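Worksheet: the structure to be examined is printed underneath.
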Amino acid sequence: MIKEVNYRVIYGDTDCGNVMYYGNYLRLFEIGRTELIRSTGLSYKEIEEEKGIILPVVEVFAKYRAPAKYDDLLTIKTSLKELKTHKIVFEYKIFKNTTLLTEGYTVHVPINREGKIVKFPEDIYKILKNLLKK
Amino acid sequence: MIKEVNYRVIYGDTDCGNVMYYGNYLRLFEIGRTELIRSTGLSYKEIEEEKGIILPVVEVFAKYRAPAKYDDLLTIKTSLKELKTHKIVFEYKIFKNTTLLTEGYTVHVPINREGKIVKFPEDIYKILKNLLKK
Amino acid sequence: MIKEVNYRVIYGDTDCGNVMYYGNYLRLFEIGRTELIRSTGLSYKEIEEEKGIILPVVEVFAKYRAPAKYDDLLTIKTSLKELKTHKIVFEYKIFKNTTLLTEGYTVHVPINREGKIVKFPEDIYKILKNLLKK
Amino acid sequence: MIKEVNYRVIYGDTDCGNVMYYGNYLRLFEIGRTELIRSTGLSYKEIEEEKGIILPVVEVFAKYRAPAKYDDLLTIKTSLKELKTHKIVFEYKIFKNTTLLTEGYTVHVPINREGKIVKFPEDIYKILKNLLKK
């Protein structure tokens, strides 16, 4: 399962090097995983509010192959790379047309309202598991 | 009372027009008012946590006279323009050396933990009042 | 002519006050005016690259009536408020469903590649003028 | 050689999870490497403008161990990890007091004004090399 989201680069995303600022790709990664999760029918906001689970980022990696520029229409392709009881890994590829600009991943752990690392509740785990399927 | 804070412009503040992005000046306004409040001896964080009062922005205005550029060392000059029982107005002037680049103001209202507009607690009001003095 | 654009609030837009950071609304204003201009058939990028005219912001005002929150689906409604030979004013209203959250305006002046204020070239002026019509 | 820079977390850095937004640490990485380079006596801006060399980020990695929160006073510790003729790697550790919150690295390649990867000019290479020394 790969979720595709379009994103239009604005002035506010770019820097004086005439390209998207390297930190702003992490906003695009967030958009990607949020919409991938939403495609299960359960939004990340619901996971937080109804299940009391948050998924902080514990690791991020990005490789910048070619720059995104002002007004480019990008496609963010996000997939679930790994799901363990205490860990979830998302993978991102950002394209301009057929050119891969940036790729990367984020690692997250489930935390409860008290801030302790917990296992994914079974119902959420099952729903997310479906994202691993073709 | 005018509080001066220095700020060095980074790539992440600029845009592909080769100048600071207009929205990022509002980060500098925030730095300015936070350090002005801290100069009273009571930080904004303490006002929030100990007094249960937050000061959301209800209005902002900025006039951009000349652009800030990458690696510029700016000076943010902040002062208290107006203090009423239900309202506080901060004024900002951002300089590069002696050149005024941007000026503006923000209007805030005191809100309690339930989200209701309240009067400033008397002790906070007195402390902030001192900022109006020369 | 009012251009409507939808925008989904991400974590990266919000702050620890649990609402959208006041500076990030200026990103939404940018999205709004960019898409309003694009609806004329001539994009802002083309105005810059083909006509050599840029439109820096010289003034911004925003009034925050109610907060936008994480995962809110907003509507940015943008219109052209004023067009003079040396000045253009855009007006913004940001809604969540039927609730007006934020409104504001930006004032821009046309600048040529040498950084001098110029009159709008006639063809661009005519195209933008159409936005004033119903 | 380790360069230390202090940074005060503002509202605009945080998100509704009550911690610094994961993408904003990359702004702190930028502050860290910029000030490390400046400590050689040659600023990054001068490398760009006088030498015609830019150093785009081609890879970033960050590991988030503990969150930075609003108004925290952080210390960014930056060092040069690797220097090759066509590559430079910076390493970052962000502390709150003695607690390591975040660590990471960025990989950059030297590019000339035409956008081609080039060797570091010898004078810059020598200056940067000094950063590897104790």
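Chains: A, B, C and D, in written order; residue numbering restarts at 1 for each.
Keep this in mind: contacts are C-beta pairs under 8 Å (C-beta built on N, C-alpha and C of every residue); 3 or more make two chains touch, one makes a residue touch a chain.
Quantities reported herein were computed from a predicted structural model and do not represent experimental measurements.
The chain pair B-C and the chain pair C-D differ in C-beta contact count, and the higher one is B-C.
For B-D, the matching interface among the pairs A-C, A-B or A-D, defined by over half of the contact pairs being the same residue numbers, is A-C.
Taking each chain's centre as the mean of its C-alpha atoms, chain C lies 33 Å from chain D.
Centroids built from CA atoms put chain C at 24 Å from chain B.
Residue positions of chain D touching 2 or more other chains: 11-12, 17, 19, 23, 26-27, 30, 70.
Taken together, the chain A residues at the contact with chain C in this complex read 8, 10-12, 26-27, 30-31, 34, 43-45, 70-71. Contact residues of chain C toward chain B in the complex are 17, 19, 22-27, 30, 54, 56-65, 67, 106. Considering their complex, residues 11-12, 14-19, 21, 23, 69-70 of chain C touch chain D.
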